[in-house]
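Two complexes are shown next, each including chain A; its partner changes from chain B in the first to chain C in the second.
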Partner chain A sequence: MLDLEAALTQGTLGLINGAFYAMLSLGLAVIFGLLNIVNFAHGALYMLGAFVAWGLLTFLGLGYFPALILAPLIVGAIGILLERTVLKPLYKLDHLYGLLATFGVALILEGVLRNEFGVSGMPYAVPPDLRGVVDLGYMFLPRYRGWVVLVSLLVCLGTWYMIEKTRLGAYLRAATENPALVQAFGINVPVMITLTYGFGVALAGLSGVLAAPIYSVNPNMGSSLIIVVFAVVVIGGMGSILGSIITGFALGFIEGMTKVVYPEASTTVVFIIMAIVLLIKPAGLFGRA
Partner chain B sequence: MSRSMFTGLAATAIALALGMSPAAAQISDNRIKIGVLTDMSGPFRDLAGPNSTAATRMAVQDFGNKLGNVQIEVVQADHQNRADVGATIAREWFDRDGVDVIIDVANSAVALAVSQIARERNKVLLATGPATDALTGAQTCSPNTVHYVYDTWALANGTARAVVESGGKSWFIITADYAFGHSLEAAAMRVVRETGGDVRGTVRVPLNTPDFSSFLLQAQSSRAQIVGLANAGADTINSVKQAAEFGLGRRGQKLASLLVFLSDIHSLGLQTAQGLQFTEAFYWDLNDSTRAWSRRFGEQASPRGTMPSMVHAGNYSVVTQYLNAVQATGTDGGLAVVNKMKEAPYNDPLFGNGQIRADGRRVHDMYLFEAKAPNESRGPWDYYKLVRTIPGEQAFRPLSHPDNCAATRG
Partner chain C sequence: MAKVMLEVAGLEAWYGESHILHGVSLEVREGEVVTMLGRNGAGKTTTMKSIMGMVGKRTGSIKYQGTETIGLGSNKIARLGIAICPEERGIFSSLNVEENLLLPPVVQAGGLSVERIFTLFPNLKERLKSQGTKLSGGEQQMLAIARILRTGARLLLLDEPTEGLAPVIIQQIGATIRALKEEGFTILLVEQNFRFASTVADRHYVMEHGKIVDMIPNDRIDAEMDKLHEYLGV
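On to the complex of A and B.
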C-alpha cells in the first residue's frame, strides 16, 4: 500500500514540518544550553511572531519580506525584556521556577490574544512572489513550502556554525561552563546571556512569520506545536545544537510517514519515540550524560 | 377555639398559600440555574464560547431575569474539549450547585457524556453546539435531551446530496478522528452512496492537527472529484486554507466542507472561501427578524459587532422555549419540562416554525448556502448567498429510521 511516490511525497512534506521543529527546538536548545532555562514560552513567542507579521501587514501595510526581518527583531526585543524582568531573578533557583515562570508568560500571552482576536485566526496570504507550485516529478510542491525548508536550513546551519565555529560562539560556550572565569577575562557575561535569550526567541518569532501563510494565525497555534518541539529536544538531547536540528528534521520525516501508514497515530508517534529514547538513552540521542 | 381546630385552620391556610404559587413550590431552591458548558479556549470558541453565554443571557433578560418570583441565573464553564472534564463539571453543577439545565456543549464527545448524566439525574441537556446524530441515536438517545439547531445527518443530507446531484460522484473524505467526525463521515458516506456516488477513501485525522498537507495529497492521489471535509472549527479553516495552497482545484477536484460556521468564513476571508457550499440552520441575514435579533446580539457580543453563529442563535431560541415550558408547567423537573417543550410546534423568530420530536430532535428548515465572491459582498459579515432551502422533514433523520432512537421509533 505504501508505494514509492506516496513515500516520497509524504517524506517531503514531513521535512517541511521538520523545518519548523528544527528551528523551534534549536532556539530551545540554545536557550537551555546557555541559560539553563526550560523556555516554555517558546510556543507563545512563535505565535507572537505570526501575529506581529499579521499586525505589520494589517496596520502598517508592511508585507511578508519586511516582516521576515522586523518580526523576529520585535519578538527578540520582547524576549530581552522578558529575560531582564522575569527570568533574571530566577537563575540561581531550581530549573522548575524558570519553567513555571515561562509557562505562566505563555498562558498570559495566549489568553490576552485569545480575548482580543478569538481562536479562528487571522487571514495571512502567501506572498505573491512565492505563490504557485513546482513539479518535483512525484508531487506538486507549493513554492512557499520549498522556501520554508530553504530558509530554515540556512538559519539552522548558520546558528550551528556561529556557536560551534566562531570566536563569539566559543565565548558563549565558555560562559556556560564557567561564567565567573569568562567574566574575569573581561567579557560581559550577563549581556551575552540576555542577547542569547533574545536570539533564541527571535528564532521562534522567525518560525512564526514563516508559518503565518500556511497555518491559521491564531493564539493557540503555538501551544499545539510546543509540546512536540519539547519532545524533539528531549529526543535530540537537551542543549545539543546539532542534535536538535537533525532530530527536528528526522522527526518531521517520521511523522510524515506515519500519516501514510496509520494517520490516527500521527500526533502520538513523536511521543512514542521519545519514550523509547528515554528508556534506551536517557540523555537523548546527541546528549552527553 | 380548640387547639386542634387552630392547627387545622393553619394547615389549610398554608395549603392555600402554597396553592396560590404552585411554581414557587415546585422549583428547586427557588431559582432556575442555566449552565453554559462550552469550549472557551479551543477550536470551537468562536462558534460557541463566551458569545454562547451572551446569547443565553439575552434570552434570560427577555424574561426580566426571573419567572414570577423565581430568579434565573446563568453560569458558564470551559469543557476543554475533554469528555472527562465536561462530565465532572456537569456532575458538580447538578449535584452541588443546583444547576437545572446545561446548554450548548460544543463538542460531540462531551455532549454524549453529559447527556447520560442529565438523564440519570432527571435534569435537562439543551444541545445546541454538538453535531453528532448519536444524541438521538438508537441506543444513545435520552428523554432529557433536546438536540437543537443541526446534526450530522442534516449536514450530510444537505451538502453531500447537493454536491452529488450536481455531478460530484466520487468522494474522498478527510475526517476529524472523534465522535463528531465519525458520525459525520458515516452520514456523508450513506448519502453519497444512496444518491449514486462512491467513496474512494477516507482518512482520519486527530483533532487540532495544524498541517493537513499529507491528507490533502492523499485525497489528491485518490483522483476523487470531491474532497469532503468532515471536521469543524480551526481544523476546517486549516484544511480549506491549505487546500487552496496545494491547488486542489488544478486537477479539477472540488472541496465540500460538511460543517462550516459563519466564524470560519469570517476567518478564512471570502478570497479563500468563495464558492464553498455548506449547510446551516441559521444565517443572520435571512429575514427581518433574524437581522433584528442579530444586531441586538452584535451589541452584546465580543468583539462588538460580531454576527451570531447558528449555535449562538440556537442558545437564545432554545432557552426561550425552555423558560416558557418551566413557566407553563410550574416545575423545573427535567422530564416534565422537556415533555412540555415537545408538546406543540413553536414558531421561532430565528429558526422558523418547527417542533421538537419525541426523540428530542427539533425539526426545522435547513439551508444550503454558498460563500460569496469578494466582489459580491456588500459589507462586513455579508458572506452567504442562499442556494436552496431544505424543508425540515427532508433534512433530518426520520423518527422511524432504524438508526434513530429505539425508545421513540414510530
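On to the complex of A and C.
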C-alpha cells in the first residue's frame, strides 16, 4: 500500500530538484533557441554562480541577498565575454562546434577551480532569515527549500512572460526563426544574441546561488547536475520555453515519487523517460517536429 | 522632376562563391513605383536584398536620399527608411498576427497608423490573435506588406507580392500598391508578371544575367511588347 504522506513528502522534495532542473533547462532553451548552441558550459556556470556567492561572502563580506543579485550579474558578464570571444566565430558552423567549445570551457572552469579549492566543497550557510521549517501538514519543509521553489517559479514565469508576451520577446522569437529579416527591420540582432546568452547564463548563475546553501559549493556540482538537465531538455523539446519549465518541475516531482515506489530507480527514471519520449516523440513533448 | 530617392550604380553581389550581380545600375525617384522584370535567376531578388544589405558581399554604390549605404549593415539601412517585404513573405510562425504586424520597429515619424492599415487590409483586423502562418497565402502577403507601412520607411521593396496568389487577390494587391503610391510611398517592385506590373508601375527595368538591360516607361509598354516577350521568354 502506497503511503500517501511519504509520497507527498518525496514529491515536495522532488520539486526542489525540479526547481533547479527548470531554471537550468530554461536557460539552455533560451540559448539554444536563438544561438543554436548547446551550451555545455551551463553546468560550470551554475557552479560558478555558487562560487561567486561564496567568494562575495568570504572576501567581501557580502551576504546571501546581495549575492542573489550580484552573482548572476557577474556570471552573466562572464557569459557575454564568452559569447563575444569563443562562440561568435562558431555560429556559421555545425552545432557540434558550439557544443565542443562550450564543453571545453566547462572543463577549463571546473579544472581551475578544482586546482584552487579541491573537491571536498565549502559550506555556505543558509541565510538567517530563511532558517527554520514550515509545517505543511504532511511534512516539515525547511523554509529555505520552500524559498528556492518560490524564487524559481517566479523567475521561470517571469522569463516565460517576457518571451511570450512582450515586444522584446517577440523580437527574440522572430530572430530565432529568421534573424536576417529581423535585422533588416532595423534590430541589432548580434547584440540581442549576446544579451540573450548573458541572460541564459545569468539564470544558471542564479541557480548556483540558490543551490549554494543546499549543496556544498564545489567544482563538480555542475557536471553532476547538467546531465540530468540535458535529459530534461530533450524530454521537453529543444528550445521550448514553457516545455522546459513544466518538464523541469514535473521530472523533479516524478523523481521524488520514484523514491517512494522504487527507490533504486530514482536516479535513472529521468533517463528512462527520456528514452521513451525519444522513441515516441523525438522532437520532445513540447517541441515542434 | 521628383528628386532621386534611390540610386544604384555598378552594383555587384555574391552569394558565397557565386557572382550574381554584374554591375546593376538603376534609380528610383520619390513617389515612383518602379518594377524589375526578368526571368527566374536574373538577379531581381538579389538586387532587392543587396539594397537592403542582406547579401554577404557586395560592391559598387547604393545611395538612399544621397547617403551611401553599401558599407552599412541591414539594421542601419532599415533605420534610414527602407523596408523590405521578402519574396518568401517572412511571416513568423511563433508570432500571432498582431505581433507580426507590430514587430518592425518604427524608424521614422510619418508611418501609417494601425487604424489606417486596417482600412487597407480589413481581413487582418479579424485575425489578430491567429498564428501568423495560419493565414491564407493572400492574407500572409497582406500582412507582410502591412507590417512595413507603420515603420515610417518611405522606400518599400516588394519582392514578388503576387507570387502564387489567386487573380482576385492579385487585383487587391494591385489596388493596395496604387493606394500606397497615393500615400506618397516610393516602391521598387519585383515582378514576373508584366501585365500586373503595367497596372501599377511608372517604369520597368528589365534584368538579365545580373544586369539591367533595358528600361521601359509604362506608357511605352504596348509598343515594346515584342521586345518584352523576348526578354521574358513568354
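In the analysis below, the second predicted complex is superposed on the first by the 288 of 289 C-alpha atoms of A that agree within 3 Å, B and C clash if a C-alpha of one lies under 4 Å from a C-alpha of the other, contacts with A are read in each partner's own complex, and residues count from 1 in each chain.
What we mean here is this: a residue touches a chain if its C-beta (ideal position, glycine included) is under 8 Å from a C-beta of that chain, and two chains touch if they have at least 3 such contacts.
Computed from a predicted model, the values in this text were never measured in an experiment.
For the composite obtained by overlaying on chain A, chain B and chain C can both be accommodated side by side without a clash. Of the two partner chains, chain B is the only one that A:L13 touches; chain C does not reach it. Look at A:I227: by the touch rule set out above, it reaches neither chain B nor chain C.
When both complexes are overlaid on chain A, the residue A:N218 reaches chain B alone and has no touch with chain C. Applying the stated contact rule after C-alpha superposition, one finds that A:N178 touches chain C and leaves chain B untouched. Touch criterion not met for A:L60: it reaches neither chain B nor chain C. Contact with chain C, but none with chain B, is seen for A:A170 once the two complexes are overlaid on the shared chain. Geometry note, superposition on chain A: angle between chain B and chain C about the Cα centre of chain A is 150 degrees, to the nearest 10. Once both structures are overlaid on their shared chain A, chain B and chain C have a minimum Cα-Cα separation of 37 Å. Residues of chain A that lie in the contact sets of both chain B and chain C are absent, per the superposition on chain A. Residue ranges of chain A in contact with chain C, taken from their complex: 167, 170-171, 173-174, 176-178, 180-189.
The touching residues of chain A, when paired with chain B in their complex, are 5-6, 9-10, 13-14, 16-17, 114-116, 118-123, 125-126, 133, 139-140, 142, 144-145, 213-216, 218, 220-221, 224-225, 256, 259-260, 263-264, 266-268. Interface residues of chain C facing chain A in the complex, by the touch rule stated above, are 52-54, 73-75, 77-79, 83-84, 86, 90, 92-95, 99, 102-105, 107, 148, 151.
Chain B makes touch with chain A in their complex at residues 41-43, 45-47, 49, 177, 203-206, 208-211, 213-215, 217-218, 221, 233-234, 237-238, 241-242, 245-247, 250, 263-264, 266-269, 271-272, 302-303.
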